[in-house]
Amino acid sequence: MLDLAALLPIAQNGDGFVRDPAESGTSCVAENDTVCVGWAVDNIDRYVTPTLEHLELVVLSVGFGFALAFAMALISHRRRWLVPTFTGVTGVIYTLPSIALFALLLPITGRGTTTAVIALTLYTLQIIYRNIVTGLANVPEASKDTGRGMGMTDRQLLWKVELPLAVPEIIAGLRIATVSTVAIATLAVFAGAGGLGAEIYNDIDFKTGIVVSGTIAIAMAIAFDALYVLAQRWISPWRKVRPV
Amino acid sequence: MEAAAAANSTETRAEALAVEFREATKRYPGAETDAVHALNLDVPAGDICVLVGPSGCGKTTAMRMVNRMVEITAGDIVVGERSVRERSASELRREIGYVIQEIGLFPHRTIADNIATVPQLLGWDKERTRARVGELIELIGLDPALADRFPAQLSGGQQQRVGVARALAANPGVMLMDEPFGAVDPINRERLQNEFLRLQAELRKTILFVTHDIDEALKMGDRIAVLQEGGHLAQYATPAELLMAPANSFVEDFVGADRALKRLALLRVADIDLWQAPLAYVGQATTEVRAKLNGAEVPHPLLVDSERRPVGWLSEADLGRDTVPSKPDSAAHPLLELDDVMRDALSDLLQAETQYAPVVDGRGRIAGVLSIEIVSEFLNSPDALTDEHAAAERPLT
Amino acid sequence: MSVAAPTVVPLADVFDSFSGAIEFIFNERETAGGVGGEPVGGLEQIGDLLWTHVEVSALALGLALVIALPVGLYFGHRGTGELLAVAIGNAGRAIPELALIAFMAAFIGVGLLNVTIALAVLGIPPILTNTFVGVRQVDRGAVEAARGMGMSEAEVIRKVELPLAAPTIMTGVRTGAINIVATAAIAPLAGVLTLGDLILSRNVVGDDGVIAGAIVVALLALAVELALAGVQRLVTPRGLKVQRAGA
């Protein structure tokens, strides 16, 4: 029989408490009435590692997700009959609740970052794939016609005309995928992958802890969002122009 | 002028190639009839051949067979000395200019990059490409400052011109143009047509030009191929021939019931022999004038000034006096010029409800008198065909 | 801190655990939490957990619909507040699920009502944004014509905009439902015992129980998705389907 004991997080046994159990008396932390800003400021260091873990999860998952979705889009670009299949499969994967997917993967890939990254990657596929396909479909017919008419091969047409024009749509998809992944990654603790979710789960009653972790996660999402908006403006300047 | 210098640079003076359709046929799979049926057409190098016909006649299909955007089912097309099937389609297309109605500029590239597309595909070095792009921007009359803008920032007419420049970039021997001016408003379309004809006069490319507009065909074409439904060639002739001798009732109908007027669009007033009216000067004795009236082609005297510029027509009342008055009864209206397009001149004449109109030369001096009779006599004369051919050779800008 | 190197397990063991899980679903067994504990597993327990899961999800979805649909319809019809509608949609995606449930439990309290509210918060953004966008994208000509024929504003919304926006709205409802059903799995952290309880209580239900929980909740999610997809098809006016087929 498999021993999942080694695989699931053990925080429920009280290991890895966030609060220092030695604190007592009428301090803000002991009473746990409200958000203890003082404690948060003093202990901000303990959030560095989880934040970095969280960041690692997001970057790896979106990166792999993009690579995989891009490959799928290229494959189905000239074989339209694959599009409904790919769309369906990525859609079904997206409906699976994350802790269920973690639990199903644990027996196969074990505890840790790998399992979390696999699951998070799979979740990004639906939106990224859909946006790449839509972006390519929205390329003006006239540009494709003249591109071919001027002597571009199919591959040259794809890389010089179709993909560049699909970039805004693709970035939109990446943006949504990244923000979603930041949020879902809080559950990575259940795959044993740490992250900001671990800080919450390890001391689930601690109000200040919840607020700090949650705020960092939301801030990370907003930061990524803003980065994507800038990236889109930088990469596709023609979108912003008005007639002279 | 710099445009002429640009046209004469070594880049632009490449050889134009002749295009031959040899029993070229296209049938789409599962179709009952041919889209293009055994087309035979010889387009001499340097000519504009206009493919014209109603919707669905196969003119666009035939044009797109030349650069294999549509693959030939049977027969062949020869460009220069080579069949279009000899090489890969991509290679072939890089040596043929391609302009379509929707223009199809790449929205994500600047104007300069758009024009540079084929040179880049052919691997030209940066310096040569840059120079060529600069040449072409001047050639099409575009402000060089626009070179770094994006297509969305240009007007429709400007975009169209960039489309033409882009097709000319690698100096193709043949150009294919599918309703290139169709997406532009009528005023700009006329300007673009005129500019293009000026360009063609310098570059002399072989051009296959598709349009559904017979007037555009007559204006632009050295030779016109009228296609009937199913890609059958109804007639292949010069504009004048087409108007004077349509091969069958289809061509006749297509050219339009106003064939005669269309012929007039190809002529100028200077092309026909005008009548002369007896001239009168202020202060001249009216008896002298009367004497001139006998046997004159135009039975009315025309008062002119010392420079022989028309002032007006003299009426019977005017002639009743002893000497020719300085103010005639009727003005010299409408006043036509030798350079006027015949159709416009006739239109003015009809609008003024007068029988005769004085025609002046470039300096305003009387050259003759135009009347409807003259025009109709000319159209029916045997000289007409040769005269119209000569007229058709001249650019009509 | 989690381990970087994965532990990949022999295939035979994998099959073992999955078959064990199936067994867990159908038959009760001894708790893994030591002698004297309640038996776990079996259809009845699974059924209870399933029912709670469905109950809280349905309530949350209903609440989300009640709030988001009218707001989305109103503003979509008026044509104002686009920036806000899109911003809410984006913001909704950024809500960390675990923090939300934990926050609700710690600050406000445990229990069905609170969890329902928390889940509804996750369902509102996609429904709101999609309703807004769906209504905005309705052919303006059709709306003009409807007004011109004398329909009141409410009738225009009911008879023209809503049916034509229905497919887009349903897409938002589906997304919202997925968010809700998925997050309901961690509702046990706030005292509402859904199917996630099996996944989170390995000590009590054993390895088989965990996987059983995962399988059942995955199937539930799929079933909900399929059901809503069916509803979407039903709700799409026939004319639109024809239009799309011809496009």
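Which chain is which? They are A, B and C, in the order written, and residues in each are numbered from 1.
Everything that follows uses one rule, which is that a contact is a pair of C-beta atoms (placed from the backbone, for glycine too) under 8 Å apart; a residue touches a chain by one contact, two chains touch by 3 or more.
Note that the structure is a prediction, hence the values are computed from the model and not measured.
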Category of the chain touch graph - line, ring, star, complete, other: line
Middle chain, criterion being Cα centroid separation: A
Of A-B and A-C, whichever chain pair has more C-beta contact pairs: A-C
Distance between chain centroids, defined by C-alpha means - chain B, chain C (Å): 67
Distance between the centres, which are taken as Cα means, of chain B and chain A, whole angstrom: 61
Chain A-chain C separation of Cα centroids, rounded to whole Å: 19
Chain C - residues contacting chain A, complex: 1-9, 13-14, 16-18, 20, 90, 93-100, 102-103, 105-107, 178, 181-186, 189, 196, 199-200, 202-203, 207, 210-211, 213-215, 217-218, 221-222, 224-225
Footprint of chain B on chain A - complex, ascending: 140-153, 156, 161, 164-165, 167, 236-238, 241-244
In the complex, chain B residues that touch chain A: 67, 69, 89-95, 98, 100, 102-109, 117-118, 121, 146, 149-155, 163, 166-167, 176
Residue ranges of chain A in contact with chain C within the complex: 1-8, 12, 49, 53, 91-92, 94-101, 103-104, 106-116, 176, 179-180, 182-184, 186-187, 189-194, 196-197, 200-201, 204-207, 210-211, 213-214, 217-218, 221-222, 225
